[in-house]
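Two complexes follow with chain A in common, the first pairing it with chain B and the second with chain C.
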Partner chain A sequence: MRALGFAWRSLVRQPARAILGVLGVAAVGALLFDMLLLSQGLLVSMRDLLDRSGWDIRVSAGELPGRGGRVPAATRTAERIITLPSVKSVLIVRLANARIESPSGSPIAATFEGVRGYARPGDRISHPWTVTRGRDAGGASETVIDSAIAKAANLQIGSLITLRASCIGDREALPPAQLRVVGIAEFPFRGTDEDAMAGSLDALKAACGGNVGDEADLLLVTSVSEATATAAAIRDAVPDLYAMTNDEVVGRLQQTGFSYFRQISAVLTTVTITFAVLLITVLLTVSVNQRLGEIAALRALGFSRSRVVADVLSESALIVGSGGLLSLPLGMLLASGLDRILKGMPGIPAELHFFVFEPTALAVHIGLLVATAILAALYPMRIVSSLPIAATLRDEVIG
Partner chain B sequence: MSEIIVDAKGVSRTFAMAAGPVHAVRDVTLQIRAGDHVAVRGPSGCGKSTLLHMLGCVDAPSSGTLLFDGHDVSTLSDSKRSALRLKRIGFIFQRFFLLPMLTAAENVELPLSEAGASRKDRQARTKELLDYVGLAARADHRPSQLSGGEMQRVAIARALANSPQLLLADEPTGELDEATGAQIAALLDRVNADGTALVIVTHDQALAGRARRVLTMRDGRIEREAAR
Partner chain C sequence: MPAVASAEAGSILISRQLAAERGLVVGSIVQLATDAAGARAREFRVAGIYEPTPDPARLGAVPREVRMHLPDLLEFTRSPDLPTGSEYISDINVALVDPADAVAFSRDVNARMPGVIARPSSEAAGSAGPFRVLERFHLAIAVVTIVAATVFLLALTIMLVDERRETVGILRLIGLPARRVLVQVLIEGVIVAGAGAVFGLVLAVLSESLINTFFQWRYDTALVFVRITRDVALTSAAIAVPLGASATVIASWALLRRSGLRLARR
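Up next is the complex of A and B:
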């Protein structure tokens, strides 16, 4: 009987202890797996979100889009950028706070995204939203709204909405404007608690009573080929602005806001592994101490030191391996629940996820569990490897 | 003269204890030859088991030389001593030390498996040994389903698995009633008659009386040796 088979029989001999160990590792392993998913989840999800949007460079006044004020002279800047040979299209994005009048009484607060695009002849310009019903807004009196607004204000495609938008500051007197709903859209960069609507920059101007100014919150750029070179060309062309590729945006987020998640994840990973190691060490040590006489007898019968050590290591591997396997579905289930809770935080884009499965996370998970099995077995392995055979046999008879 | 298996010359074993050194075995000179049947007697704590452990290469002398098959045990590495025990020495213990999660057959098979025997050879040898000790019908029973005498028979079969030259038994009837002890004694006689040298440490006079050589120990020394 080889070490693994022997270890299996030892575990089956004490099923309660084995089940306790496996369940303990499964619970701890699930947490560990979730921490690994969390450590990179936001970055992976954000990168995916940025890549899926179809824009590979973001030009803004601050280091990160949305921070550091607005881009001045947006039209001239966009026209300058579109002339660069490596640029395919540019989209001016301007945001405004809007209040939509609702038949139910209280107005609905929403973010209005006004855009204007510049493209090379023959190239199509996409928008940072996806129309799910109806068509996209184009004219100065058209808009697309998200399904939450449509439901709350009982709006259909073709309905007229009355809104007041503020493009300069919240304190300005808001003139009412009317826009026609031509489509229902999803806004992947808007939070789940945030209502959004969109249209052309002209529609935004109309909603703001003309008080817009030639400013942009953001310029979105699609490059013809390699984004890094295009971003460098844009920085040369408009040196006062920040032009960042998707990778650079993600890298910046990694260094700033998202680093908290990595730190939390690192701390919790260490804690969970420590728990797992202690749990298995205690279980194996108790088990080995209960079997010292048997182990000494096996050694007397000629079992080598390495063989009895391998038995203990195999036992640890079986407990951690079985628990580790269980930890995967358990971890995914837990991650899904935690993701739902965390996405309830204000301002989190609907399509952003905190826990994202990645093969590397699974590989690290397996690696950490292997290390756990070895670490946890170290002390009980030391007990059996240094077991004095004669003294143990004598003590067992006296005891 | 038959071949010498164990040749102990001036062997002593001292244990360092907090209260001072304990001299468990003192200056013992002894030879065990092929086919020997030796009983070691003496009061508790006189060093019988310690001597047995040294003869079986699970312990090494503090002084003196102990040769097993011509090899100085003190100079052998742990793995070489393990290999020696596995292939040349069998052990029987007072408390049997069968593994409770394995069947009788699996317990017997363990040393064969450790020695690298093929599955076919293991199964054949296990069947042969369980037949030999009269437990063929109990092959699939676990130790908890066996009586004390049956467990000791399985332990004897396990000790004989790799056909050792020397079988060492430490109080093999210590946990058994008189009748069962007599059956085990008869089985050990048969093992010896079939060519395996036997050294038995025992308080049991009847069991000791079956040996051809009886060593009586006191205070770590062999006080006298009687031959039949």
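Up next is the complex of A and C:
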């Protein structure tokens, strides 16, 4: 009988402890798998989100878009950037806080995204939202809203909404403005805790009572060819501003805001692995200690030292392997729950995920489990390999 | 940037990180401007260096901050085409004689001053959002860890109890009832679980400063990441001890249902 088959029989002979061992590894393995998904999940998800938006470069006043103030002289800056040969289109994005009057009485707080595009002749400008019903907003009196606002304020396509937008400060007391809803849209960068609406920069100006100024929160740029070279050209053209490719934005986020999750994932991965190694070692050691007489008898019958060592290793492999297999679906289930919890963070885009499946994470997970199985089996393997056959058998008989 | 001292310079406070990065000390004279070109730059004297209030929402971002007197700030940031006195401020913090009046005071201000929004500090603490989410996340991780530990614990106790099958069998044969043996097992379980809980707490206290030191160094912040409070210690003990004792009793239960003769038989 091969070592694996022998180990299988040893485990089946004690089903309760074997099942509990496997379940324990499955729970620990699920946590380990989730931590591996978390370590890169945000970055993978953010890169995907940025790439899907169709814009290659983000130009802003601060190191990270949305931080460090607004881009001054936005129109002149956009006109300067569009003249660069490697630039296909530029979009000025200005954000404002808006309060939409609702029939229920309490106003709905939303982020108003006002945009103005510049493109080369023949090129189309895409907006950072996707219209799902109706059409896109164009004029100074049109807007698109997300489905949550439409539902909360009972708005249809063609409805007129009354809102107060604030382009300068948070708490300006401005006169209300009216805009017509021409479409329902999805906003990929909308936070889970916020509602969004959008329109042209002129519509935003109308909503803010003209109190806007020529400033932008962000300029989105699509390049004709290589984004890195285009970003360098933009930096040369407007040296006061930051021009970052999607990869650079992700790299910057990796160093700042997202690094906490990588650190916590590294700490928990280490703790989880240590925990698993310790517990499986104890399980195997106790199991081996209970079977010392049996192992000594097998040695006396002709089983080689390497063979009994292989039996222990196979037992460890079976427990960790079965638990590891179970840990994958368990881990995915747990990841979706943890993802829901973390997406409760303010300002996190609804389409961003903290736990993203990647083949690399699976490979690392398998590698770590293999290492766990080997490490956990080292001490019990040492016990069986150095077992004195005659003395153990004598002790068993006398005992 | 450091500059030549001037008697007219206003005083400012700068964050520790900014001071370290720019080599500034108390008494340094710096020039500040509202745009990158340095137009309308003004001189200020560094009156002090402060540790910024830790903000979880800005974890990882180096806080290069300056604090100045409000009149200086308004004068400094006002557009040249705006007359003095036309500036606006974003917030006013109010300290009440009786903090318990915060809700009533806010309601009163909102009713009397349209266009101004007053909120008690407890409601305005939006930055606590990430804290609460992280707390829920850590709680979920803790629950999974407890489940895994419980399963392993059960497996271990089953093995340990099995190892003592003969001893239990002899105790039963000499007349000890199953209930008496079970009480003994329970006391043993409580002692072992209690010792384990104490060991775990000592380990947690030792690792507390290690984890805080590492993350405070990594993010250059005074934020405390791990704090073993009395409540946390008591909660851990309240979970660990009953869990350990229960695992021992559950594992022993099946064994004690067998007859003493069967247990003592080799």
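One rule holds in what follows: the second predicted complex is superposed on the first by the 396 of 399 C-alpha atoms of A that agree within 3 Å, B and C clash if a C-alpha of one lies under 4 Å from a C-alpha of the other, contacts with A are read in each partner's own complex, and residues count from 1 in each chain.
In this text, contacts are C-beta pairs under 8 Å (C-beta built on N, C-alpha and C of every residue); 3 or more make two chains touch, one makes a residue touch a chain.
Remember, predicted model here, so these are calculated numbers, not experimental data.
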So, after the overlay on chain A, do chain B and chain C clash or fit? They fit
If you stack the two complexes on chain A, which partner ends up touching A:Leu326: first (chain B), second (chain C), both, or neither? neither
A:Leu393 in the overlay: touching chain B, chain C, both, or neither? Say first, second, both or neither. first
Of the partners chain B and chain C, which touch A:Leu338 in the superposed model: first, second, both, neither? second
Could you tell me if A:Val267 is touching chain B, chain C, both of them or neither one (first, second, both, neither)? second
Touch check for A:Val282: first (chain B), second (chain C), both, or neither? second
Examine A:Leu301 and indicate which partner it touches, taking first as chain B and second as chain C; both and neither are also allowed. first
Contacts for A:Ala30 in the overlay, against chain B (first) and chain C (second): which applies, first, second, both or neither? second
Comparing the two partners chain B and chain C, which touches a greater set of residues in chain A: C
Could you say whether A:Arg9 touches chain B, chain C, both of them, or neither, answering first, second, both or neither? first
After the superposition on A, what does A:Ile374 contact: first (chain B), second (chain C), both or neither? neither
Minimal inter-chain CA distance - chain C and chain B, angstrom: 11
Could you pull out which residues of chain A sit against chain B in one structure and against chain C in the other? none
Across the complex, what residues on chain B touch chain A? 49-50, 53, 56, 58-59, 78-79, 82-87, 89-91, 93-95, 97, 99-102, 106, 109-111, 113-115, 158-159, 162, 170-171, 174
Using the touch definition up top, name the residues of chain A that touch chain C in the complex. 16-17, 20-21, 23-24, 27-28, 30-31, 67, 72, 169-173, 193, 240, 255-260, 263, 267-268, 275, 279, 282-283, 286-287, 289-290, 334, 337-338, 341-342, 344-347
Residues of chain A touching chain B in the complex: 1-2, 9-10, 12-13, 293-294, 296-307, 389-390, 393-394, 396-397
Along chain C, where are the residues that touch chain A in the complex? 35-37, 57, 59-61, 88, 90, 114-117, 126, 129-130, 132-133, 136-137, 140-141, 144-145, 147-149, 151-152, 154-156, 158-160, 162-163, 211, 215, 218-219
